[in-house]
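This report refers to the structure that appears directly beneath it.
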Amino acid sequence: MAIKGIETKEAFAKLVEKTKAKSGYKDPIGFGVARVDRGQLTPSKILQASFPVVNWNENFGSAAVFVAALDEAGIEVDFSGSEFVCDVKKKFVKNAMAAFEPFLEEAMGDAHKNVQVIQHLDFIAQNEGLEKDFRLVFLFEDAAPKSVEAVYLKLYALSTGKAPLRSLNLSGAFGVLENVAWSMNVPIELAWLRENEIEMKLDGTFPVIEGVDKFPRFLQHVIPADNTRILDASKVRMGAQLAAGTTVMPGASYINFNAGTTGPVMVEGRISSSAIVGAGSDVGGGASILGVLSGTNGNPVSIGKNTLLGANSVTGIPLGDGCIVDAGIAILEGTKVSISSAQMEKIKEVNPEFEYVLGEETYVFKGLDLAGFHGLHFRQDSITGALKVFRSQREVVLNSELH
Amino acid sequence: MAIKGIETKEAFAKLVEKTKAKSGYKDPIGFGVARVDRGQLTPSKILQASFPVVNWNENFGSAAVFVAALDEAGIEVDFSGSEFVCDVKKKFVKNAMAAFEPFLEEAMGDAHKNVQVIQHLDFIAQNEGLEKDFRLVFLFEDAAPKSVEAVYLKLYALSTGKAPLRSLNLSGAFGVLENVAWSMNVPIELAWLRENEIEMKLDGTFPVIEGVDKFPRFLQHVIPADNTRILDASKVRMGAQLAAGTTVMPGASYINFNAGTTGPVMVEGRISSSAIVGAGSDVGGGASILGVLSGTNGNPVSIGKNTLLGANSVTGIPLGDGCIVDAGIAILEGTKVSISSAQMEKIKEVNPEFEYVLGEETYVFKGLDLAGFHGLHFRQDSITGALKVFRSQREVVLNSELH
Amino acid sequence: MAIKGIETKEAFAKLVEKTKAKSGYKDPIGFGVARVDRGQLTPSKILQASFPVVNWNENFGSAAVFVAALDEAGIEVDFSGSEFVCDVKKKFVKNAMAAFEPFLEEAMGDAHKNVQVIQHLDFIAQNEGLEKDFRLVFLFEDAAPKSVEAVYLKLYALSTGKAPLRSLNLSGAFGVLENVAWSMNVPIELAWLRENEIEMKLDGTFPVIEGVDKFPRFLQHVIPADNTRILDASKVRMGAQLAAGTTVMPGASYINFNAGTTGPVMVEGRISSSAIVGAGSDVGGGASILGVLSGTNGNPVSIGKNTLLGANSVTGIPLGDGCIVDAGIAILEGTKVSISSAQMEKIKEVNPEFEYVLGEETYVFKGLDLAGFHGLHFRQDSITGALKVFRSQREVVLNSELH
């Protein structure tokens, strides 16, 4: 059977409605078609999935069309699991083309991107053929991903900014992904390299390997905003999120997956997995923001707006807006810092919820006690060696509705 | 019209003389022919300029020939502005070839490089044709650059060592340059990537992107000295200057544009924009030298000769020769350090201009007070936590003419 | 003459026996066939040697066959020097093929790799021809390497884990290797780039240079274990050794030649030349382990098992198992640290050889005094600024046979 006769947008809408009315139908939280790279030795292993378009809590009509196009091609989508993945075959593409008929002409630029995907698949089907290169994936709930395609779709959702950082379940992603050698965007099985090492070394055709990892690089899959700069592609892992205007310098910087920025940030240091940095902040050269796997007792670190992490500083606690951690200082959850009575008063001005013992000349806090407060300046007194906190000189804009 | 009959070096000299005698003529401070890369979507945008030869306060005869060759090709050079840029067309090349006639045979290797450029342009003109790929640029004064070609010519002047660091006006360069994706030396417009993303992702032809930046990398344009090593090309931005014998390791190092070394230096840390390091010095692993945009109040930092910046140290003040900043120490303009009376005397031996209060047991200085002095050793007393300065064990060679 | 009639494994064994019985014969400590890259301007200069198979104190039968095959081809191996290198010619390959006859069929996968090398050389000889591209090298003693081939063979022995770190004589290796530009695995002479700069810049064919160094990158030559990850190829130099399960992140990390790991290690910092890190340890983001050339007075640093070097810490002394160096702390040979009497007792529990003065309330040690002890936790007291050592919370497994 096949989808036919969809000549108007009304007919298209009816097809969508009819499909969604079927028993058990669910809108996917994410879906998309991916071109996949397979193992050179073990083609059943999928090593990478490239999504031309990512749908994330959107375009439910296209999702319904895809379900209908599969159905007519003899593939029944299983809505009962957390994800469904299948090959993209010629019949499916023909059906989807038929369903998208009323949109074919206007599908270009930013309009109807899923239609553009189907159009180009149709072109490929008519030329080289689709083979086993393309896969369609639906996610119905945010469970631990089971397939490479599902992991990649989630990484895309994070890296394109469609899903907020830390919002997705990536449990077990490391187990799902294969560790591969990356050569010019292409993943290569290490076992295949071993099997062909003698010939390739003698022939002078051993490939250029840029890295060996389970994850690809952000820039292999994502096109950043016009004013975003990533000077060295190796510095940002796929699954990171960079708000427009962020700059990532090539010194000691690194942004792991599920970490990044929510506004323009100058990044010259490390943003570990789960860490998030706010607009106007500055992660100085060699500064480290610890991640849930590296010294924060599982508490993810958020850095507010307009905060400065000095060169080679280390931050293991969340910080609010307008803070400063001086160059070379390490502030972890257990780090003891003292604050004078006068400074405590100034700090309270921008942190109404900050509580302290009145009358104490100075008071010693642990780093964790100060988590999330605004306008803190962490310094080491270079005469006594003591770590102290002052009200920083950086502006803190209080939310007048809240305070 | 056309240049003709230049058969001897005397005739060439006369042509130069005649051209320079014209009213308003000025010797350019810099000039050169560049091959340019243009926008894939917007060909009027120049994304990169590659200069085979950079002329900087030199080769004024060739400059005059270029002006004459343009003139005869119907293009009048405007000497009234700070820069003049135009297309390189066949007529210009023919004229320049005619004028360079007496030098054609001996133009090879290091001899007559501008003649070699014209010879090869002539070859290209007769084969593929010149199209809009080549541009000729003259700089008549060191004003804020207005064109991509002018910015690149200045970056080349810095990176080839023809102009000293910090000597050129680069105001507004960031505004002139386009932010692009770099793929195998080729700049690609981000908007073009977006427009072609669906097709390229499905076809498996999405380009390998090494970085996204306004600037290219140093090694895309500059061939370093035989004993200079840059282990990772991403670590040195175009516009940096590296004296022969400098080594840049791949750990946490980075050298920004308008920054670098004036002698052989081991670089394992960051040399921020505007910072300069002298011969025999060592920028330890992860050490940071702050730039005018990162914590020095706009004062550029120069580091003298034979000075050691320890691993993960941070320096925000200028240092003289033979200094040591211990591993992990941060010395900024406001950092308080104490010096004992005995050490002050020893420091004065290599810094006759150093003044201190006699009789004081120890004295506290701010970092900025010590800017530029020789033979200082910055240490943290690990028993008291105090930052102290001693006379370093490293040799300081005093300039006997000055002292 | 030629090798003939080796039809059984017994005949092969006899050939080996006969060859080894010759006066002066020595088993090589290492040998192998390499494909070499030669200088573009000076083809007599070898710029790189790629070994499909490395033999290190093994496969002495194959070595004898190679010696015999050379002999019959008119090349006499000189056993009196520390190394012997010669071209691989068609006659040698034919002889070796004849000698390996009984193994040709079973040579595949991991079996008989030297036979596979000869088989493929035979294939090349019959097709493109061998030219001057292949070289055979024998090392008879571990002296300072004299040839590029010998340096590479030693780097391979280290990087494949066949020779322990620090076990090989690499004196003068820097003098033997040429400094070259690396482009897609191919070494290019800098002088050749200079000679062709004008044409290549104007033609748009200037090569992509990934780095300029005497050494190639580890991943150009070595295929890591399945569970080893190197996120950025520039971070590990050829000659480094990475035990299976090691991960090298792309931030501030770097592993130099003759340095590395002996078990699974998370590397986010620098392992300088001569430094070794044990299983289960963690080199935090930006942490520096100093090398013999960078602040350890020539004493190489070994880090034990299950030890944590905090972010941006600096270690210049050997450490035992289960130690912690807190984030941002620098421990060098001369760094003074204090230990309380109570902590000294606890430290002695896991270090029976640790000696201290009984009865002292606290005692001050220099870093070097504590070299190699287990279970130490180096901390800076953030109230007093003093560096102190405690018994760490990390487990130390004492070797019951020794204690």
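Labels for the chains are A, B and C, by order of writing; each one numbers its residues from 1.
One rule holds for everything that comes next: a residue touches a chain if its C-beta (ideal position, glycine included) is under 8 Å from a C-beta of that chain, and two chains touch if they have at least 3 such contacts.
Since this is a predicted model, take the numbers as computed values, not measurements.
S.K.: On Cα atoms, by how many degrees is subunit B rotated relative to subunit C, nearest 5?
M.R.: Best-fit rotation on C-alpha atoms: 120 degrees.
S.K.: Count the residue numbers both subunit A and subunit C use at their shared interface, divide by all numbers used there, and answer same if that is over half, different if under half.
M.R.: Shared-number fraction below one half, so different.
S.K.: Centroid from C-alpha atoms only, then distance subunit A to subunit C, rounded to Å. What do you get?
M.R.: Distance between chain centres: 36 Å.
S.K.: List, in ascending order, every residue of subunit C touching at least 2 other chains.
M.R.: Subunit C, residues with two or more chain partners: 234, 251-252, 286, 312, 328, 380, 384-386.
S.K.: Note which residues of subunit B are touching subunit A in the complex, please.
M.R.: These residues of subunit B touch subunit A: 179, 181, 190-191, 193-195, 197-199, 201-204, 206, 208-214, 234-235, 237, 251-254, 270, 272, 286, 288, 290, 294-295, 312-314, 316, 328-330, 332, 335-338, 364, 380-381, 384-387.
S.K.: Within their complex, state which residues of subunit A touch subunit B.
M.R.: 35, 50-53, 109, 113, 116-117, 120-121, 124, 133-134, 184-185, 219-221, 223-234, 249-252, 268, 284-286, 310-312, 326-328, 380, 382-386
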